[in-house]
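Both complexes below contain subunit A, partnered by subunit B and then by subunit C.
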Partner chain A sequence: MNEEENKSLETVVPSESESEKKKGMSSFFASIKTKFVKKDNAPSDELPRDKREPLIRIAKRNNVTWKTKLIAGLSCVGTAILVSILFLWAISGANPFSIIGAIFQGTFGNSIKLWAAIKEIVILLAVALALLPAYKMRFWNVGGQGQILIGALLTAICMQYLGDKMPSALVIIFSIIFAAVGGALWAYIPAIFKAKWNTNETLFTLMLNYIAVLLVTFFTDRWKGQKSSMGTINSSTKSGWLPTLKLGSAIDGKVLIPLILVILLTVFMYFYLRKTKHGYEIEVVGDSVSTARYTGIPVPHVIRRTLAMSGCICGLVGFFYVAGFDHTLSATTSGGYGFSAVIICWLSNFNPFVMIGYSSLLIFLEQGGRNLSNTMYYQYSGLNEYSTQLAVFLIIIAIMLTSFFIRYRLVFAKDNKVTVKKAEQ
Partner chain B sequence: MNKCFKVVPLVLASVAMLAGCGSDSASNFKAGFILVGDETEGYSEAHINGIKAAAKKLGIPEANLMWKKKVEENEAVTTAGKDLIANGASLVISNSYGHQDYMKDLADSYPDQQFVSMTGDYAAISGASNFKNAFTNIYEARYVSGIVGGMKLKELIDAGTITADDAKVGYVGAYSYAEVVSGYTAFFLGVRSIVPTATMEVIYTNSWFDVTKEANTAETLVNDGCHLIGQHADSTGAPSKCEDMLKAGKICYSVGYNVDMRSVAPNAALTSATNNWEVYYEYAMKSAMNGNVIATDWSKGYADGAVGITDLGNQAAKGTDAAVKAAEDALKAGTLHVFDTSKFTVDGEVVTSKMFDLSYKDWAKGGDEIYHGNTVETVKKDGDVSYIEESVARSAPYFDLRIDGITEKK
Partner chain C sequence: MGNRIRLHHISKRFGEVLANNDVNLTILPGEILSLLGENGSGKTTLMNMLSGIYFPDAGRITINHEIVRISSPADAFAHGIGMVHQHFKLVDTFTAAENIILGLREGFFINKKSVNEKITAIAARYGFHIDPNKKVYDMSVSEKQTVEIVKLLYRGVDTLILDEPTAVLTPQEIDHLFNVLRAMRKDGKTIVIITHKLNEVLSLSDRVAVLRKGELVNLFDTKDATEELLTDAMVGEHVVLHIDRAEPSKRKQRIIVSHLTTYNEEHVKTLDDVSFDCYTGEMVGIAGIGGSGQKALLEAISGLQKCEPGSSIMFSNGDLMEELVGKSPKEIKDLGVRLAFVPEDRLGMGLVGNFGMMGNMLLRSYENGKGPILHTKEPTQTAKEVKEGLSVLTPSIDTPVRTLSGGNVQKVLLGREIATSPRLLLTAYATRGLDINTSYLIYNILNEQKKNEAAILYVGEDLDVLLALTDRIVVLCDGKVSGIVDSRTTDKKTVGQLMAKFEKQEEQAHE
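Let's look at the complex of A and B:
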């Protein structure tokens, strides 16, 4: 299908391509169109369209340069942000420039806001990095949330039951081990089933999320005793709490270590996936299981190993949530990042460094939206937390569409007809 | 010369800014509020109204009040609190008991701001000097609302509708801890000051706000033979159920909590015990605004106007006004003690000593002490009267005796 498609276009393009290139920026979409055309010259009379061909087809774009991607990406995101601001302006009547100002203030307003944003970016990026190898392998791990919760739960269990029996440092060490192993196990279970019986991993990991949520609820319900909610764990002894570095008011001591770790993780993932044998195996399994088998890659082993690593990192994120940030446990501990991270993975086309950009953008928008409703709601009742969230999601969807259309394009059956006619002339 | 021109306006500008800061503290003061519900839920609505009224009185513009509504009792409190501080709040107040641990954490992290956990119970022993608790002497208002209910029962008895032994009261309680026990005991003592033969049955819903559960509980109580339903839960479930059952021919009346219930129970609602939070919010915001330290434990009652009852319903008995007025005056004057030990017994005995351990314990872990507090005697003497003191050793209620005449139904 693809080949035929390329041929059909090719007959029209050559004459236009040169002139359109000269038109510059305004026609960059057209220039994208020209770039993926293969240079082989297929005869034009082989074009008649299959009668059963669907009205719309999706075809992959080839050879799109990063420059084009960047320009297309930035202009689409820019347009999306503009549309969102216009939307907010339309429903509230607030000055668009104050809206933009408030959005920027959400992250850059002061050091508390900046570090709050960094904290969220760190967590989102860590989860996205954890899911990355699984997705690269085309293993649809939607169980990030469950793996985080299991890590968080095991950390809480360590704090709850070991807290008064050993020094805090030991509790932390036990927590790390339990959280890492528990998270890994939670991802390993569906991996075994996938590797052995080729079960549907999307359903499996999704179901495990529910089990994790219920396990967490079960324990928190026990621990809350007669109170209406659980509260923080070891609130007076602070046993098992990661120590907060005192670095002055400009730096959040709780976030610094996770920040450094996540930067290291980003670099590690980049090299792991691009430069190591493991990374190569993951890529081959992702592209084609048959090819992988044929070349002698132990597919089941690769699936299990990759998922264990994925779950292990998620579990550690859970550890940081409970021991580092929240000091408590609830079903909402993972904050939905298990799912947002999936979006980040796909948008970034599996590039860890691009993921930094997308995580930052997502958090920047969320913080901005929240700040907008915080600071301007009393004046403009249209700017409540829901409308600003809506605007944020409009932008995210625009980004997703952009990245889709950078990689793929729609081919309409009618277009084919036209090109055929043109070719005949 | 040139430099001079540049410097002078700068100096003038900064002087103007400083002057701006000093002269109008109300317009620069920002406070943040973390609420478990919003305007649609009686308890939080009462807080919101109190905060707004207090701010108006103090001249604090509404723009300087920042709200975090429907904040669950988990890490969401920390996120909300940080956000409020980042936006310049110098005072952060939360209104649910379950917010307390997170507020304490915030107080540790941000020593320059003051944090109040309303209804909380361990600020004084937590070691954080910028962490506070506050409550009202709501038991006083519950006692008075009990009088309103008692007058109605008395009217029913006098009319021959029910017998004196039939004077059974039902109570929809949220949880079985002191805050609720203290409340229903005060309510019951109020009823019994009018109808000495009254008894009471309590059922817990294990939730602060659950319309359906509260309605079902009220129905169970009425079917158990209760003619007066009191409540310590935040929804309109119980009063509206009473209204339905009253229409259906049952004899049952409701005494509500937080808000006037006449809108949902025009005939069944007699009155509601309410907190007048404005009094505290005015005090707390004024203190923070002027750079003063807020009291670690604050709890006031009728004498300061911090509690009261709502307007009487159309079915309230004749003479209720006078009885209410007499009790309110006595409470204000300090001559009436709600938990007067001559008025009740525990297991048939008059209470002569009741020690109270202020320590904050983890009951899920077998009562491990989290913060240590002193143990104090709560039985006090006022002339010849011996009474159990409430909400003085700390702001949160701690009266938790199960007195004779009240049964808790499991």
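Let's look at the complex of A and C:
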């Protein structure tokens, strides 16, 4: 074996004279031997790996084909689902197949569950679409929650104070206007500061969330008075409530209109960002503010305009929450979707149509997890709300890793060993 | 005596790019070796592997026939190898001495006095000028470079690698640096200098290694080399380098800058009472050490920089004279002033890296056409014309321009700007980082624009090019105009002296 390797080495250096080569070879291998090959005396033609060279390093993939994407995606998500189910199985002892069954039942169990899931998807997708133009502009609006709450609060105020003074339709119109303007304002304020003084929009929008939460609690606390909770607004007159379509038991009349609207919004966002002058400006500002200024794009104006739109849609989501779905208000009304939407935006790489898929997946997992803990908790105490949520988030993190492994690959140091093919002169 | 360093079959790959391919090179003790090659030929990568920044994918390094492993700069220092990078790695708020001893483990406390003495001794030995107690932020580029070199010598380095050391220096500073390097060679130090300037190679080095596309293509003894031989080796084919300078028509003044004064965001004066003019069909060069106010000048003219009261930039637009000071880029555009600007930061300011050629052509015209929808027909046409006319190498006009090579990026930018048939063309370092052929292509394009009666302001750093290309040169020094000279009659030395005029006066005032 050793002899063979030496031979193969000799054959690749025909250019040098015989004596020089042998001398060079022997001294070279001697130096390797003394330095690196201590215990096993095989003179390898590979230099040992440097200890300080990292064992694994990350390299960018050159050509990403859909095959790589599919393999990376399936292997990441597949592993995560497997790990999640194994995890749930390990802590509860429940049959893995019934776990999977319960997860699917969460969304597809019956039409009520399906429409509940669709409702959640619609809301999540709407918020994600609202944040999209801001993110495309590299404006880190994490204030979706606050903007939704302000819209919800203003709707509740309209219903509460105007409900018995005017017809329901007028209340609804007022609610829409107030919710849209309020939400827009809640995003416009940080945009002004960003445009004028370049303040940090992440902190600013985050702080406005807290203010919105406190404003909502202040009002709900006043409205509820001595009661333990606020209850339904205008429960008897239903003034300001969005009318529910009666479409039979298979379709939820509350959800249908928002569903249609959000589909329209998806298409609109796609065209707005790709085909319009506004969308072009947003993309240039997001890529480089210097380039935008150089071209003559009024950067502060674009920031303010885009954020007003972003906030306006969030405010309208708040309106639908109160006037369409809940008919009540609480600080948890927005359900944390202001933050989940951020994940959706990034995962889908800012493509509105891809967002539909990711929103659906996220809600499917959440509903499935909830159903799992609801139906199987009595049998297996390990399957509570928290362990199922934990499993859901494992899967979401795996999805995020997928996008990483699509772009990069791991290189193990052993592929990287230095092969000495020619002897030293 | 120093060490004999050999690189054996060194290869390094970054993604698709093979930065170095099977390079064999010996560095002899006590020599000055030039590493010559165009941008992207792998000079810096190769030396980075010697100084421990990168680790080779294949091949090995021997010093005096012993195999060594250099996987960090500390390893390199241990073998007496040190590198001065093109972008200095100094802590701004530290003094020279603090930077020099940074990272050395010589006990917990710092003996400032002995450090300073050692630094002064090193400086005296080779003829450096260095003040150990001066803060880095107060230093000129040349002083910072001195600190970097002394830092290496302080660590006992005997093989110094200098990456493009002359790119930011004035001719006088370059002369001084070369004298220092010769003194170091006399003292037995080995020096590797990475450069793409032929005259420096010929005047300084003992041997020249020429790299092309990551491979070592030629190794000359400097005494056998000529500029022509070296150029051909660098480019890989015989090239005729000739700038065909068009005579200016000098019919009328296109732009008159007077008393222009600007401050930057830190309220430091960047331009101080700058006045000059430029005629139609004339190319005015702007010379100066980097950061002498070139950026502020071009940005002021294009409306990106706020100007102080009293400043005036008059632009002759047909029969009208328009004042550009106080107007935004959009207002200037709306006035019908056809002004084109090729900024220094091509991808960060001139282009959108994620857009293709079409998207980038849109930057100048996206507002055209009615309604809120983008009209892409005309820019698609322009993109095709630019791709064709300047032979831009790109898979399609929708391929993101950030994936293109530096030369092609510049062609896209320049192509878009001249597509507007500008009356005034501002260019900043138009050929920085480009290969020789592309550079000459760009000089020719600029000359074509001169013939089209455009006035051109050409901010450059290579004095040879400035002298051969432009009609007049405005020399900036510390934000002030230190002289306006005729390119046809002046010489490098004069311009070099003007570039450092006010610094000299300050020094004299101090003494």
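As a convention for this text, the second predicted complex is superposed on the first by the 337 of 425 C-alpha atoms of A that agree within 3 Å, B and C clash if a C-alpha of one lies under 4 Å from a C-alpha of the other, contacts with A are read in each partner's own complex, and residues count from 1 in each chain.
Keep in mind that, in the parts below, contacts are C-beta pairs under 8 Å (C-beta built on N, C-alpha and C of every residue); 3 or more make two chains touch, one makes a residue touch a chain.
None of the values given here were measured: they were computed from a predicted structure.
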{"item": "Subunit B versus subunit C as contact partner of A:60, first or second or both or neither", "value": "second"}
{"item": "Contacts of A:200 with subunit B and subunit C, given as first, second, both or neither", "value": "neither"}
{"item": "First, second, both or neither for A:276, with subunit B first and subunit C second", "value": "second"}
{"item": "Partner chain in contact with A:291 - subunit B first, subunit C second, else both or neither", "value": "second"}
{"item": "On subunit A, the residue positions that both subunit B and subunit C contact, one per complex", "value": "none"}
{"item": "Subunit B residues within the subunit A interface of the complex", "value": "62-63, 65-66, 72-76, 78, 82-83, 85-87, 96-98, 100-102, 104-105, 109, 126, 175-177, 207-208, 362-365, 368, 370-371"}
{"item": "Interfacial residue positions of subunit C with respect to subunit A in the complex", "value": "8-9, 15-16, 55-60, 62, 65-67, 69, 71-72, 302, 304, 328-330, 332-333, 341, 343, 345, 347-355, 359, 362-364, 366-367, 372-374"}
{"item": "Subunit A residues within the subunit C interface of the complex", "value": "27, 31-32, 35, 47, 50, 52-53, 59-60, 62, 275-281, 283-284, 287-288, 290-291, 293-298, 416, 418-422, 424"}
{"item": "Touching residues on subunit A, where the partner in the complex is subunit B", "value": "109-110, 112-113, 116, 160, 164, 222-232, 235-236, 244, 325-328, 330, 332-333, 370-371, 374-375, 378-379"}
